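Below are two complexes that have chain A in common, paired first with chain B and then with chain C.
After this line comes the complex of A and B, so read on.
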């Protein structure tokens, strides 16, 4: 009976594992919200790619009665994909507070905007909470008179042609470099709405506008544009936010760039004769994959620390150490990549660090990769504990843009020397003169006592004789 | 007061002369005094008291050497210095007590303590002291 039960639970576990395998930090339930469900025909390639990667897609409109992100306090969906809608509001099921609640409950959101439809005010407020700013009257159009597509937008200049983005900083892993593409890869950004980002550390632009672009209000009829929303690389065309709970929100400025029309479309840059294919499909895959937790998800497999001293027990994860002990700390990390875990490699110029801290770090050490298996890398460091007793933490705090947050804290006590753990005096050569001093005193005393007993005064002898 | 004035007036020359003679003879005087004291000590001190004095001088030398080493070479490990130095100091104090109790002149002070009893106390006290010092030097 017990065997059967364990077999059943194992099967259940395996089933859960299979479901979870689609995306590392969430499930596969994807809600797609469109103005009209028929609109999905415009995005068949993009949505087909998502379905092909195992997502279970549910389509809804904002007006739908059955639309609800939560059911009995639990998320009904793991990911939400919002396409532009024309309505000013999104109804009671998608208020800013519901959207933020969804993010707080570890839900991922991919938000597609458009330059031709005003953004619903509920989304504007929700984005403002995340410090992502949109033009004042909820509408804007990014144009660039130097980097536009000459075949489709020779007049309006609103189809931007952009090179594939490089890493934001040299020590970041580049998730959006679009492997398999040649150097002259081009991303088309048609009819898009640019955002500006606040100073928060959680925000990072995936795709910035070129320096010659600007955003204006297309409703403004006047010939001269007076106040611009933003210009140049101030404008973020695709921006990402990773919340502190590692929930991801991505804002794609142009919904059209995800549409079938612009996947593998032929475009021609200004001043060039031959037309090139766009890389929108690969870019959309990377952006959606990152947002829905298919890439850039780190997993801590195990953490181990032990005493690293000859002749002493090296049991794993003891609760207590002594000051000045030699200790080895190891952490095993995996990175999820589309459909499997691969060994996590720290990007070049970056370090995975271990802190040994009590309130403030006493040590901050680089963890070096020692073992690399099929699906994990073990990072390890050996060091001597500080000469300070107390309650310490082994802390790995690895927070980088586009990787989910790794924060692992293991608490240990560090005691002082026990009375019998100090080195004996005769081991320390500096103590030998004083040992000799005691020896001289004791032997001198023994000699004194012997002489004292030997030299009994004659007077007492006489008195004894008298007696 | 008045009749003494001339004497005081002539005083400085006379006294200076007398002091000069005393300083010239003082070194031999001091030698004499020291010799006297030494002879007196040799004659009147019992054998056992002389032994005690020799042992105390030995302890002063040993303790002084240890202290000098501490100043010259540093006090690490400090517990070794403390126990080594305090062994000599403690032994010195105990030996001084033995000397006080066994001196004939102090007999009236300790009517109930015989020299044998004083020595037994001294041995027990010394053993405890040695035990403490060896334990403390670790």
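After this line comes the complex of A and C, so read on.
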């Protein structure tokens, strides 16, 4: 009965967890901020794709009085999409602190900039807080005289054609590889503003500029560039930030690349004869999908640890273990992919690691996949607890760019051997002389007593003599 | 398809050749080491087709000066992009140094050791320098390797150190090292002492007996 009840409560918990996870990741209230609401006609395909994936879009302008990211201290929207606006500031509803507060409240932001309009100063300071730097004067244009589109920008060279980005590092999962698209396609990056990123581990570039490109101020009339903002791969064209609370901010340097004009446009790279299709639609889907939590969201379904010793109880998640116990730890993980949970597979060259730690880790072990179901993978490892008693944590701290943070800590006590858990003394050969000593003393004492008691008084005369 | 491609390739080449008429180039290119110390400055020439074979060596107080004349279709002109790019071949990191260009295409840049980003200054491999000249319009830009630089650290000063920023990734595995289990001496020795201890019992009884008898 008790078993059944625990099973039921476990199922109920799992259900609640699942419901929470879906509403946390798939919150669908999207606020789109445009200079003029009529501007949305330029982005019908992009916004239509978002609507088709179930987002509930509200359009506002920065000047609108009803615009507010919070209502009674709660977020009014789950995601914000900002298109470039001409005004210098964004008004009292979108101050840098409101934007940061929105991020702190787990809101996601997709920010589209443009090379032709200066960035509002409120966004510049908000980005500066995130260690994303924009060119001085809030304006810049990325050009590349070696990788431009000859059909549309033969003179200005400001339409960059880029191959699809590979993974940043071989052990990262490649979310932006644009699977299902033909290899010949390129990403067009028209009229864009490049950013440079700080040193932080939370920032990662999604799309980097080619090595011969550079950013300059188009307002600067001089023929040659004097002060250089950044060049080459230092220049990030699309950059991502995932905060510690897993809120996501993506800066897309070119709003035009999301526009209908550049979705499935036909472009011709300099020096090449044939024109190719742009992959902007697929790329925009991947970038928006990642930002709004449709991909790269991990969920921990359950965690279980138990004794792994023959003949011992294997109750789940005991509060206390003994030193040198053999223990098995398992964790079940799912990954959200567009509309459903799929089993999470650790990228190649990467590892999911379990730490068994008290202040510092005593063990850091690789968790191996053991069971894979339709929507989850169970990772598990068996090990011997260290010979140190104290309060320990089973800790899984899986932080990777583009995956939300997994931080799971389960505390257990580890006690010493109890007095009756040691080997018996006669098993220890080194103790034999001592045991023999006890035996000798006991025998000697008993013998002495026996002798004492046995001693018959000698013949009386003799004894008297003696006395 | 392959046939078509093989047919197209010469066409493309021909097109390239036709375009080459208006492309960027440079001339009278020299690189010299500005040494603080008395060793004087060495001046070496390179060209588009012939980069310097030997790497030039600079120490931590020196700098290099690159001079060239940028030309568009054979005529001196100012390009919008005139960089000397230093690249660390091992890590692939690059640092651009924009040149100061005059109207007639004369370009100069001074690169001091101190101007190098720390990631390049700590590089052990030679830095590859290339010249990038390009501008708006239809003229083709060029990006040509020019020379390479080896960095020589003064043994008297501490070499610059660079600490890599934190990046998330898998960490080194740790396996707890257990203390040794308690060990027993050889059983022969224990047995010997057991016998020694046990032999006191008969000794005791015999001793007592002897005492009483006497």
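Assume the second predicted complex is superposed on the first by the 400 of 467 C-alpha atoms of A that agree within 3 Å, B and C clash if a C-alpha of one lies under 4 Å from a C-alpha of the other, contacts with A are read in each partner's own complex, and residues count from 1 in each chain.
Throughout what follows, a contact is a pair of C-beta atoms (placed from the backbone, for glycine too) under 8 Å apart; a residue touches a chain by one contact, two chains touch by 3 or more.
Keep in mind it's a predicted model, so treat the numbers as computed, not measured.
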* To do: Name the contact category of A:437: first (chain B only), second (chain C only), both, or neither.
  => both
* Asked: Between chain B (first) and chain C (second), which does A:136 come into contact with in this model arrangement: first, second, both, or neither?
  -> neither
* Does chain B (first) or chain C (second) touch A:445, or do both, or does neither? -> first
* To do: Applying the touch criterion given at the start, work out whether A:371 contacts chain B, chain C, both or neither, answering first, second, both or neither.
  => neither
* Kindly classify A:157 by the partners it touches after superposition: chain B alone (first), chain C alone (second), both, or neither? => second
* **Which of chain B and chain C A:428 touches, first, second, both or neither** => both
* Return the chain, chain B or chain C, that is in touch with more residues of chain A. => C
* Structure fact -> Overlap of chain B and chain C contacts on chain A, residues 428, 430, 433, 437, 440, 444, 448, 451
* Structure fact -> Touching chain A in the complex, chain C uses residues 8, 11-12, 15-16, 78-83, 85, 94, 96, 98, 100-101, 132, 134-138, 140-141, 143, 165-176, 178-179, 184-185, 187, 190-191, 193-194, 196-198, 200-201, 204-205, 208
* To do: Going by the contact rule at the top, pick out the chain B residues touching chain A in the complex.
  => 46-48, 51-52, 55, 58-59, 62-63, 65-66, 69, 73-74, 76-77, 79-81, 83-85, 87-88, 91, 95, 119, 123, 126, 130, 133-134, 137-138
* Sort out for me which residues of chain A touch chain B in the complex. => 422, 424-425, 428, 430-431, 433-435, 437-438, 440-442, 444-445, 448-449, 451-452, 455, 457
* Residues of chain A touching chain C in the complex -> 143, 145-146, 154-157, 169, 171, 199-201, 211-212, 214, 216, 223-226, 228, 231-234, 270-271, 273, 324, 350-351, 353, 355-356, 361-366, 384, 386-387, 399-401, 428-430, 432-433, 436-437, 439-440, 443-444, 447-448, 451
